[in-house]
Structure formats: C-alpha cells, structure tokens
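Two complexes follow with subunit A in common, the first pairing it with subunit B and the second with subunit C.
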Partner chain A sequence: MASITIDQLRVSFGDFRAVDDIALEIEDGAFVVFLGPSGCGKTTTLRCIAGLQEADSGSIRFNGEEILGLSPSARNVAMVFQSVSLYPHLTVAGNIAFPLKARGEPREVVRRQLDWVAEILDLGAIMKKRPGGLPPGALQRVALARAIVRKPNVLLLDEPLSAVDEQFRENMRWELGHIQRELGVTTIYVTHDQREAMALADRIVLMRDGRIEQFGDADDLYFRPRTAFTGYFIGSPSMNFFAAELRDDRVLLEGTALGGSGTEGLKHALAGREGCRLGIRPQNMVLSEADGLPHLAEASEVLPFQQGTERLFSFKLGERVFLGQDRSAGGTPEIGLDLSRAFLFDAQDQRIDLAPSAQEVAS
Partner chain B sequence: MSFLAIDDLTKRFGSTPALDGLSLDLAEGEVLALLGPTGAGKSTTLLCVAGLEKAERGRIHLDGRDLTTLPANRRNVAMVFEGLNLFPTLSVRQNITLPLQAPGQEVPSGDIEARLKTVTEQLRIAHLIDRRPQGLSGGETQRVALARALVRRSALYLLDEPLSALDLKLREDLQAELRSLHAHYGSTLLYATHDFHGATAIADRLALVAKGKVIQIGRLQEIMAAPANAAVGRLVGSPHMAFLRARRQGDEIRLPGQEPSLPLAAFRPKAAVPESVTIGVWPEDISLVEQQGFAGSIYAVNRRGIDKAIQIDGDFGSFRKAVPLELPARQGMTAAFSFDPARAFLFDAKTEQLLSQVQHGTASA
Partner chain C sequence: MTGRRRFELSDRAIIWLFLVPCLVLLIGMVGYPFVSLIILSFYRFSILRSDAGREYIGLENYDFLLGDPELWERFIFTGQFVIISVACQFLIGIFVAYYLQKNFRGRDIIFTALMMPMMVCPIVVGFLWRYMFNSEWGVVNYLATLFGSDKIDWLGITDNALVAVVIADTWMWTPFIILLATAAFRGIPKVIYEAADIDGASAFYRFTRITLPLAAPILFIALLLRMIDSFKQYDLFFAMTGGGPGSTTQTVSFTLGKIAFSYFYTGEASALAVILLLIIIGLSLVLVRYLNLLSTKARG
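Then we have the complex of A and B:
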C-alpha cells in the first residue's frame, strides 16, 4: 500500500497535450476518483501510474520513491479493466492464484491469500468452477480478487462498470465501496459518471482539458464548486446557469427581473461586473406558493413533471430551458430562488463569493 | 380507445422465449417506457411493432389498423436503435432527409428544408448538416439518429435505449430535449430502457417488462401503491424496494432473530400466508431510529450530492435507503430501523406474489 505524489506530470500526443502539468497528493488507503468528460486526461494519467504510458516529464512517487523509471511489474500496481479477461481453462481459484504462482510464492502463502480474498469477495461457492458459466457480477468479483490477491501498492480501475446494465452497475458500485474500505488499499478509479464518483470517492479529481479543475471531497465539489464547469459537471439534474446583470438597481436573470427581498448580496457582487452567470441547482429553485424567496417576475412554459419519486418542473426564459423542484399545491405558484445556495461565476467562469456567511452550507 | 394495442405477442429465439404473451396499450400522444433488465424482451417488442421481427402469435393495432402483417415501410412508425445505423457515405443532411424521399412518403422539397431546419435547430445539430457521420462525437451521432426519426411525422416513435451509450451529462441533456420535443409535437412514444431514472424522466406511464411479459403497467404512483409482485419492487425506485426475509408464526410476522414481532393482520393479508415470506417496503417508508427497532449494520455509504444512501445488512437480507447528509453513518456502524406494516407489502417468498390487499388510489412515498 502506498501514498501517491504526482508532480508536474505532462503527456503529449503530437501537438495535443493530454495531461498538462498535473500535481496531486493521494493519501495511503484513500479511494480517489478521476472524473471528467471524454478526452480530459483521466485515463492517460491512470496509465502513467500503471506504467502503460510514458510521460514527457514530471514525477510520480509511491511512498516518496520515484516510480516513473520502473517497469509496470516493478511498481506492484494492479489494474482492472472494463472487459474482464480470465483464463477459461483454469478454475476461479486457479485464475486468482495465477499472479502469486507466477511470482513463485510458497504454497501456504498462496492458500492463505486465496482464503483471505475468497472471504472478502464472497467467492467460496465458485472457487472450483471455471469462468465460462459464471454471471457477469461473479466475473467482475473474480477479476477484482485476482487484482488484489498479491496486495498491490495501488489498485487502478479504468471504467470497470461502464459496459454493464444499470442494476448490476449499481450493485457493483456498492460492493466496490465496501470492499475497498475493508481492504484499505489505495485505489484510483476512472469514470465519466459523476454519480459513481460521488458515491465512491474519499476524494474526487475533476479533470478538464488535461488539467485538474478541482480536487476535493464530494461535499467540496457539490457545495463549494470553484468554477462553473465543476458546478455543471457535479450533481443531477445539472445546475442551471442564468446570465446575470445589475441594471437600475435590479437583478436581471436572462433579462428577467428577480423580485422580492434578499437580493442585496447578489446586487453587491454584481455591481461593476459584466458577463456573470448565476448557477443554481434544480433542488434550490422551487415552484411554490409564496415562500418568501426572491422570485422570477415572469417565465413561460412552466411545466411540472415527475422524475423518479421527485416532482420537478421546467420553464423557459427567452429561448433557454431551466429546471427546478415543484412544491406547488394548487395555488398560484412563483419560481423562488434560494440564493444562499446559489453561486455566482464571473466572465472567466470563476466563482465570486456572494456573502461568505451564506455560502457556507452545513453538511 | 387505445392508439397502439399490442395483444399477446409471443416469440421464441430457438428454444428461448423472448416474448411470452406480452400485451400493452398506449394512448395517442402518450409516452410509455418499457422498463426492464437486459434480455427482458423490450427490444424484441419494438422490433415487432416496427415490422423488423415477426411474432409467432399475437396482434398489433395502430390507430385502428391491424399492423401485424404489414411490411415495415407501410406501418408509419419511426425507430431509433441502440446501435446507430447512419449511412457513412451520406452527409448528416442526407441521412436526416432520406426517409422523406422514401417511395410513398415523398415530401415536397420546400417542406423538406423547413423540417430539416426545425429539427436540426431543436437538437442543436444545425451546424453539422454538411459533415459526414464518422467525424461526429457519440452525442452528435445520437442526435442525428434522433433527428432522422423525428423528421418523419410518424404516428408512433420507437426508441430503443437511444441514450444509453452516452456520457451521463449528455444523457440528461438529451432527456430534457426529448421531453420538450414531445411537449412541442405531442408525438406518441414507446421508449425502451433499463434505467429507472431515464424511464421516469421521459415517460407518463411505465410498463415493467420481465421474461417476455408486462408484469405491471401504470403511472409510477399507482405502481408504488400496489406493486403486483416482488419483481416490480426490484425494478422501481431509487434505491429500489427494500426486501426483508421474514417468517409467519401463527398470527405474527417475525424478522429472523429480531424483536418485536409484527401482527400479521397489519399487513392486510388477502390470502393464506405461507411460513416463508418477504416483507417489501419502499425505502422512503422506513425510518431510522435511535433505540429499539430492528437491528442491522451499515454495509456501505454512497454519497449522492444533496443526500446520501446507505445499505443496511442483517439476517433479514439487505436494503438501501437515502438519508440526509447530516446523519452520521459509516461503514460497519450499527443501525436500527422501523416501519409501519400498514405501508408495507407481504410477498410469498417462493412465488413472489403479493399477499397484501392494496388500497387503490393511495400513493406511497
């Protein structure tokens, strides 16, 4: 097991800089998720750690020792891919024991490790079976067992759940979270699915265009996004963004006046600025009868709908569509904005503090 | 009268039944989601409606016409597949407008341009119309395929996991677009998916599909108030229904090794109750309590953003429930919970059939 320190890591493919001066500190035993859209550099960074990709420059250290010059096998990392590849002619036990036997471990050690991993991953009933007839969930567990049986420094998982259907995926997500905390092995997990990242991670590395957009725990990214991109990428349904400006001492969102009291902090922050956007999650924008929140004076096509067990609504300002939560009860509702949970972003998409006291949301 | 009526559709692939007497009805302008696991028969159903597969038995009526033996091109339905099927040698424009030039469906060329403009603007692909499919991203390709289906004013649109291959964020954006397209055109949609969230984001009603049959059909609230069997509970909810293994001892129901026992009458039994039962409760109807209640331990914790979900394990099995972020919950901690049997359902542990009476019209959750 190891802590990981990444410094000024850079990888280029021709003119394209896939990883652009990344620096990162990962604690021993942590579950870290590299999250971001396709092409953000998350998989390339993972492959550098595994030794499957050469870096242009920079450094990666395990427990303080440089590993970039080492061969993949000398790094003692274990990697699990999207597609599971097991030896069909070996039993489950044979497959899992393979890396230990290849390393020439004595028989008692192999047996002890097999017992340990079978217990943790609940494989007892299938140890003597061949992979051929096993369901996909069992195959994933066997692949994971083979990866962890030799007690790697680091466990690397590259979108291991992206090819499976929703129910199985959710079950595996719970299993993986549980197992990682039981094992305590430093784990890096790559995904584009923010739900997976939120669910599993001690720390999330949100990446964009080869750089780290924000590094923190789930609450940091959800409640304290530093940029509009983080605000948008984290959370579901996605954060709404309104073009915001101050005109004649009134706040205009997409050109529509924000009425009611409680807008002073926002006015103050908007004064003298241009090109700002107000970000607010659908959970914090509420269709209801007089809740005292600042409200939008006019909106068109207000359409309530059900999503799962939640009541949501959509509306239009100009040509753009926004989402909020529907708590209306038959009266004449207004669209209220909980500004204490809203974020203001400047023209460079960086967050501006509204009123510091109101921004700190208890969590 | 129903707009689309599928009655007793049956089909085998080799010896495996793909559809086993599947029936459903759809009103005009309605969006119905076929929700079920992979292999349940969702795609086969859509293919039969489109005329691309032949059923061995059963009838399909659309707007009063019997489609069952009509060839695909005379059915007036449009389909978007999971595996995309754009023509690589044609431009995006040609791919989208091709269906409008099909024999028997020719549209005047002025009209073609107008429709192309509307649909490409709506799906935000207007800037791509002169490009070829291979240079497009996954999301763009997906939108072009949707545009091609929507540009034909079809009586019925069949969407087979049209968004499943996309990044989560893109998927959510496109769900919103599909919803507003539907609000705009009032089209009738049959939408197959294995994603509960995706299904409820788009559909008015859900048809739950398992093993080639519709096991229940209705609005989400109706289904939650009266789940037909335990399989329904597994397909619905986020997290899905909690199932607790229990035994009937005389007039009481007991969780293994747990106190107190619950009076059988509180579960509103409508038939003889066997010894081995499963209690089904929607997670929203389970409360975590400080003392007393049933005991379990926290298997894992998943953050979800504004809240988090925990999995509680015990001799009764395991279940998951959303809880506030503030609730102290860590893997390995003990947890006590309780629920009101009047809001729970009793299932036969073997047959999974519902043993409780349900009050229609009272929504759970």
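Then we have the complex of A and C:
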C-alpha cells in the first residue's frame, strides 16, 4: 500500500502539453477518480504513475520515495486497461497467474493466490477457459483479478468498464468499490463518466486541458464548484449558464429581467462586475405556479417534456435554450430560480461567493 | 414498354464467366501435365526416342527408385539441407525481427535493405556466392586468410559445400523470415506488452511467454513455406556446386533434373516427380489444415 505524491508533473507530446504541472496528494488506501473530458490528460497522468509514459519533468513519489525512472515492474503497480489486455493464448488461470509466475513466485503461492482471487471475483467456472470467448464483463473481471492477485501498492484502472454492457456496469462498479475497500489498496480510476466518478470516488480529481480543475469529494464538486467548467461537467442534466448583469438595479439574465424578491444577494455580487454568468442546475429552476422564488419575467417556447422519470421543460431566452424542472399543475406557471443553489461565475469563470450574509440581508 | 430487352446474365452464368479463364489455365498448365506425369510414371519411355514408343511396366519405375540407395542418400542430403538452412534462417530471422521492433534512426532503411536478397534471382545468387566461395580468389577465403586461416576448399568438399550453400540460402531467405516475423510481432497489440511490463515480466520472459506464442501461427506458416521451398532447392546447387563433388551435393530435385534432362529417362523421372509431389502435397496439407484451424479459431 502506498500514498502517492505528484509534484509539478509535466508531459508533452510534441507541442501539445498533455499534462501541465500537476500537483496532487493521494492518501494511502484512497479511491481517487481522475475525471475529465477526453484529451484532458487523465490517462496520461495514470500512465506516468504506471511507468508506461515518460514525464518531461516533475516527480511522483510512493510513500515519499521517488518512482519516476523506475521500470513499471519495480513500482509494484497493477493496472486494468480500457481495451482487452489479457494474454489471448493463456487460460484465465494462466492470465491471472502470469504476474506471479513472471516474478518467480513458488507454486504453492501461485495456487493459494489463484484460489483466493477466484473466490473474491467468482471466477471458478471460467478458470480453464481462454479469453477469446468470454463477454467483456468477464474479461475485465479477469483483468481485475490479474491486477489484484499479487497485492500491488497501487491499483490503476483506465476506464475499465467502458466496454461493459450498461446493465452489468452498475454491478461491477459496486463490486469494484467493495473489493477496493476490502483490500485497502490505493486506487486511481480514470473515467470521463461523471456519474461513475460520483458513485465510486472518495475523492475526485477533475481535469481539463492538462490541469487540475478541482480536487475534492463528490459533494465539493457538485455543491461547491470552483469554476464554471466544474459546474458544467458535474451533474446531469448539465448546469444552465445565463449571461448575468446588473442594470438600473435590476438583474438581467440574457437580457431578460429577473423579477420577484430575494435577488439582493445576486445584485450585491453583480455590482461593479462585467461578463458574469449565473450557473443554475435544471433541478433548481422550476416551472410552477407562484412559489415565491425569483422568476424570469418572459421566456419563449416553454416546452414541458418527459425524460425518464423526470418531468423537465425547455425554454428559450433570446437564441439560447435552457432546461428546468417541470412542477406545474395546470395553472399559469412561472419559471422560478432557486438562487440559494445558484452559482455566479466571473469573466474568468471563477466562482464568486453569493455571500450568505448578503442573502440573509435580503431575507 | 422498353423497346429492347436488356441483355442480362443469370448469377450462375456470371460465376462461370469469372471461373472459366482460370479453369482453362489450371487444366492446361496443371491438370494436363499432372495427369500425363502420372501416366508416364508407369511406362518405360524416353522423350529422346519417342518414336520407339512406350512400354507399360507398372510400378517398376517406383520399385527401382525406392530400391536405389543412391536416391535415399539424396533424400538424406536434401533433408540435412532443409533442416540446417531453415533453422539458420529462423534463428537469425527472428533475432533480427525482434531488434527491428525497437525504434531507432534508419530502421526503415535497414529493413528495406534487408529485404533485397530475397528479390534477386536465385540463379544469380548462386553464381554470386560461387565466386565469393572460390577457393583461389574468392572474397570468403581472402577474409579467411586475413584471420590467419588456410584457404578452404569450399565447394570441392561435400560438407564444406553444404555449409556454403546453406550460407547462400540463408543469406537469400532470412529476409523472408524477418518479413513474416516482423508482421507477426507487429500484430501483437501494444497493450499486451504494457500489461506484461506492469505484471513484472523481464524482456526474456516477455519474449518467450508472450511474443513467441502469439507470433507462432504466422511463424509456423513461414516454417512450412520455407521447408517446402528449400526441399525443392535446385538453382543454388546447380550454380554453386553443380551437384559435385561427384553427385554428393545433389538434392532430390537436382537428381530429378539430371534423370529427366541429362539422361532423358522420362518414365523414371516422372515416377520420381510423383514421389516428390506426394511429399510436398503432404507438407502443404499440414499447412492448409493448420490455416483452416486458425480461421475457425478466429471465428469461434
């Protein structure tokens, strides 16, 4: 087991800086998810930790000891890859035993570990089969078995479930979390799926353009996004963003006035600023009959629709389309905004505190 | 309503249309010679004296050939040649292909240059090496004397001649193994190697437990192709040793050539050709079976 300290890590591919001076501290035994859109550097960072990718500069330490420069095998990391990486000519048992045999472990140890891991991951029935005919879910379970069989310091998972069918994914996610806690192995999991990240992680590292956008637990990222990008990337459906400005002591969103009471905090924050955007999740923007929330005076093309079990609605302000939650019950509904759950971002996309004090003053 | 019926062919007709040219060629170039070869092998007949007619003698040609100890020696010599030269080609070819996997400057140029011997006409290769192995003024002996060795009679002594021709054949055909081994190695996904690296496999362990087993299907095909090909080897011996000294460096094909076109025992030569054909068909069957096995495996 190991804690991981990453410092000033930089990786370039030609002119493209894939990882741009990342610094990160991961506790021993933590389950950390690297989350971000494709090309954000999450997999590259993971491969640096694995030793499959050379870094330009910086340092990675396990328990305080520098490991950059060590071969992958000397780092005692294990990895599950996105694509199938099982040895096609070996049986499942042969695949799982490979890391033990490659290290020259005695036969009894190999046997004991095989039995142990087959038990945990319930692989008994397929131990003698070759990977060729197995479904993607089973393949990744075998890959996971191969990864944990030798009790690695660090377990690295690179989008391991992306090829697995939706209905098994949920199960495997749960199982993965369970096994990780059981083993207590420091685990890094790469994904671009924010729901997966929210479900699994102790801590989430949200990355963008080779930098860390925000590092925190799921609640931090969801309820306390530091930037507009975090607000946008976390949560589903995605957060709405309105161009917000203060004019004649009125809040204008996309040029449309925000009526009703309770807007003092927002006014206070907007005062003297330009280029701000108000971010609010569809869950916190409600189509209903007079609920006392600040509301949009006019919106066009208000269109309720059903998405799964949720009743949503879309509407237009100017040329842009926004999403909210439909709770109307047949009257003349208004579009109400729960500003206590809204976020204001400045022109540099950094969040400005909608200071509770200011809101309290208003109420 | 259309004024004219369009000229249309049925599917079956189209299939035949495509097949006929090939069938005509096959029947003319393979079928007819094959049948007449088998028929001739049962006769005492010489193409030089075709006016003398042919005499049916049943299996006598076969009987004579298989009872001839000299011919068995030719088979043994051919076998030695096949095993030694194919083994050399494989060892060197796989070794070179392995190192050509690594990225270094000029790799592609070296790779292309290495393919050249394969493209030279075999008879030319034979004469080239014959001159290089010339015991008086050949470059090989020149180099040997630089290292203090006496001049070696390369082509005049049976064992030396075998070594010389093996060297020439290896020079010519190792590129083929390099080519196929490279293709086989490159077909192995990178992620498998990465997994092996992380799993703690040393370079040697990785090569023997991952690379070779995964490349084995293609290498096996290369092995069979090379065996079939060197079993038929004629040109190099013709150019380098002329079968000598005596007839000690004659391969079976070489002997066949002599019987057919020096002595003109056409019937006997036909019988020997049939025997050779059976051996090669046997090897080819192994190849075809194996390829079928691979394709069913790939599907299943």
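Following the convention adopted for this analysis, the second predicted complex is superposed on the first by the 347 of 363 C-alpha atoms of A that agree within 3 Å, B and C clash if a C-alpha of one lies under 4 Å from a C-alpha of the other, contacts with A are read in each partner's own complex, and residues count from 1 in each chain.
Note that in this section contacts are C-beta pairs under 8 Å (C-beta built on N, C-alpha and C of every residue); 3 or more make two chains touch, one makes a residue touch a chain.
All values reported here derive from a predicted model rather than from experimental measurement.
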| item | value |
| --- | --- |
| Joint occupancy of subunit A by subunit B and subunit C, clash or fit | fit |
| First (subunit B), second (subunit C), both or neither touched by A:323 | first |
| Partner chain(s) touched by A:78 [first = subunit B, second = subunit C, both, neither] | second |
| Of subunit B and subunit C, the chain that contacts the larger number of subunit A residues | B |
| First, second, both or neither for A:67, with subunit B first and subunit C second | neither |
| Inter-centroid angle subunit B-subunit A-subunit C after superposition on A [Cα, multiple of 10°] | 80 |
| First, second, both or neither for A:306, with subunit B first and subunit C second | first |
| Which of subunit B and subunit C A:190 touches, first, second, both or neither | neither |
| Contacts of A:40 with subunit B and subunit C, given as first, second, both or neither | neither |
| Which superposed partner A:50 touches (first subunit B, second subunit C, both, neither) | second |
| After fitting on chain A: smallest Cα gap, subunit B-subunit C, Å | 14 |
| Overlapping contact positions on subunit A, where the subunit C interface meets the subunit B interface | none |
| Footprint of subunit A on subunit B - complex, ascending | 37-38, 137-138, 167-169, 172-173, 176, 179-180, 183, 194-197, 200-201, 220, 224, 234, 237-238, 284, 299-306, 309, 311, 320, 325-326, 331, 365 |
| Residue ranges of subunit A in contact with subunit B within the complex | 37-38, 165-167, 173-174, 177-178, 181, 192-195, 198-201, 218-219, 222, 232-238, 281, 283, 301, 303, 305-309, 314, 321, 323, 362-363 |
| In the complex, subunit A residues that touch subunit C | 50-52, 71-73, 77-79, 81, 83-89, 98-99, 102-103, 132-133, 146, 150 |
| In the complex with subunit A, residue positions of subunit C that touch it | 189, 191-192, 194-202, 205, 209-210, 213-214, 297, 300 |
